[in-house]
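Order of writing sets the labels: A, B, C, D, E, F and G. Residues in every chain begin at 1.
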Amino acid sequence: MLQPIGDRVIVKVKKEEEETVGGIVLASNAKQKPTEGEVVAVGNGLVTSEGKVLPMTVKEGDRVVYDKYSGTNVKYDGEEYLVLHEKDILAIVK
Amino acid sequence: MLQPIGDRVIVKVKKEEEETVGGIVLASNAKQKPTEGEVVAVGNGLVTSEGKVLPMTVKEGDRVVYDKYSGTNVKYDGEEYLVLHEKDILAIVK
Amino acid sequence: MLQPIGDRVIVKVKKEEEETVGGIVLASNAKQKPTEGEVVAVGNGLVTSEGKVLPMTVKEGDRVVYDKYSGTNVKYDGEEYLVLHEKDILAIVK
Amino acid sequence: MLQPIGDRVIVKVKKEEEETVGGIVLASNAKQKPTEGEVVAVGNGLVTSEGKVLPMTVKEGDRVVYDKYSGTNVKYDGEEYLVLHEKDILAIVK
Amino acid sequence: MLQPIGDRVIVKVKKEEEETVGGIVLASNAKQKPTEGEVVAVGNGLVTSEGKVLPMTVKEGDRVVYDKYSGTNVKYDGEEYLVLHEKDILAIVK
Amino acid sequence: MLQPIGDRVIVKVKKEEEETVGGIVLASNAKQKPTEGEVVAVGNGLVTSEGKVLPMTVKEGDRVVYDKYSGTNVKYDGEEYLVLHEKDILAIVK
Amino acid sequence: MLQPIGDRVIVKVKKEEEETVGGIVLASNAKQKPTEGEVVAVGNGLVTSEGKVLPMTVKEGDRVVYDKYSGTNVKYDGEEYLVLHEKDILAIVK
């Protein structure tokens, strides 16, 4: 298991649905890069310069939308994850 | 539904009115990119480094004007939205 | 009407006086871009990271001078406006 | 009259003395751009993020030296001025 | 022994497992650069601008995941280490 | 006399000793640019965002060493000076 | 003697051991630039924006490791030194 540091969030990226035309799978392109995923782990929160810990807004199990240029891809146990700062999450899907 | 994080605002972008010349729809160009829309969701407010939440100024239903280079485009449920930080909103249309 | 957000100011840009040579209107060039205008609306003031609102210095009706590279052009109701942060205003014309 | 905003200072730039060789005025070059002038107006001072106004050090009538890349040139009433932040003034000539 | 300064962490980088095809060792490439290692030393913590020391989250012996562009490589006693700020550690492997 | 503003220091740059080979003065090159000088004037100190004045460490008469890329050259009364922020002074020669 | 300002540290750079192949001294290259040295002088500590002096962690005589791109080279009394901010020191060799 990966335990993120600070205000980081680990997201399991939603698989892109394959687009098919008459049964033929189309190659994905940059515009279709997924920007939605499920939060699988959250850090304890950002430690401010006064040593205060700011609580996290997102929690495990949340589906979230993020900017496609955010975060760092990490491979762990054969799975691909995205590690993001909470501030790079745009919205929670309710 | 999308619930924005922090001081983010989700805006439904106003459709550009099609310009027609003699019934022919003209292609839009960069200069006519819409910069007005309706706020459909607002975050809870920016969390300061002291852990204080600053209340939002804009609210759901506000029509707002923003810089055309601001924000992140997000597609959700077949609709296009723009996710902006409140500080990137220039003015509220009253 | 446009209500600016935070420390923003909306300025109605002073029309450039046309330069004519023998009755022929000369094309304007970059050097003559106007940098003076009239304030038509002001925001409520900058909200500091402590949640304090700093009062505005300029007010509606002030004639102001600004750097020609500042602000965002906004078209509203067929008129051109410039939306500026108050800190980008150089001076008030008294 | 121009009333500068915040910690800005308006300086009337000292005319470059013309260099002549045998009565012929030489073209000025970048190295001889004036960096000295007389303060003609000062702002009320920088407003800090706590809403405190920091008093100005320079005052009207001071002769000041500044970096030649600082400030914004403003033309007003047919005269050329330089609008600078006080922190871009290097020294006062005593 | 190396004692890191401030919020720095010294990581012993996990050896890349050699990829072989039919017994032939393949050259590593940028994509396979290791991003996991074991913490061998931690600093006393970041000193804030108020002179407060913020305690460290990671500790000696933790296995950590980091961005492959983070940190500084240091060779000491014939071993290769990576010196990172704690904030550049993405997650602890539990 | 020049009175520096804030945390600035005015330094009289030490003349480079001419290198001669058999009596021929060699042209100076970038590597020999002087980085040592004598402090001839100091400002009153940096004004912090709380309006507090931080006292200066260097004083008139100190010989100081600075980075050759720091500061602004100023010519005054036929002499060349360097105006530096105190934080760009590396060390005092004792 | 050089007395560093603020949080600066003066380091006497460890001589690179010459690599020889069959008695022939090899030219050093960028990868072998030394990153270890002995602290010969330390400043009084960083002055924070509240005017507080933060004590130094390293002290005279410490052997330290630093990033090869940090600091400013200074020649004094025929010796080469490196002047670094303490925060650019990676670790103390114990």
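Note that contacts are C-beta pairs under 8 Å (C-beta built on N, C-alpha and C of every residue); 3 or more make two chains touch, one makes a residue touch a chain.
The structure presented is a predicted model; accordingly, all values stated were derived computationally and were not measured.
Colleague: List the centre-to-centre spacing of subunit C and subunit E in whole Å, with centres computed as mean CA coordinates.
Modeller: 51
Colleague: Take the average of all CA coordinates in subunit E, do the same for subunit G, and state the distance between these two points in whole angstrom.
Modeller: Once rounded, the distance between the two centres reads 23 Å.
Colleague: Quick check: what residues of subunit E touch more than one other chain, meaning two or more?
Modeller: 49-50
Colleague: With chains as vertices and touches as edges, which is it: line, ring, star, complete or other?
Modeller: Contact map by chain: ring.
Colleague: Beginning with subunit D and moving on to subunit F, name the chains as they sit around the ring.
Modeller: D, F, G, E, A, B, C
Colleague: Tell me, which parts of subunit D touch subunit F in their complex?
Modeller: Within the complex, subunit D touches subunit F at residues 35, 48-50, 52, 54, 57-58, 65, 67, 86-87, 89-94.
Colleague: In the complex formed with subunit B, which residues of subunit C make contact?
Modeller: On the subunit C side, the touching residues are 1-6, 8, 10, 41, 44, 47, 49-51, 72, 74, 76, 83.
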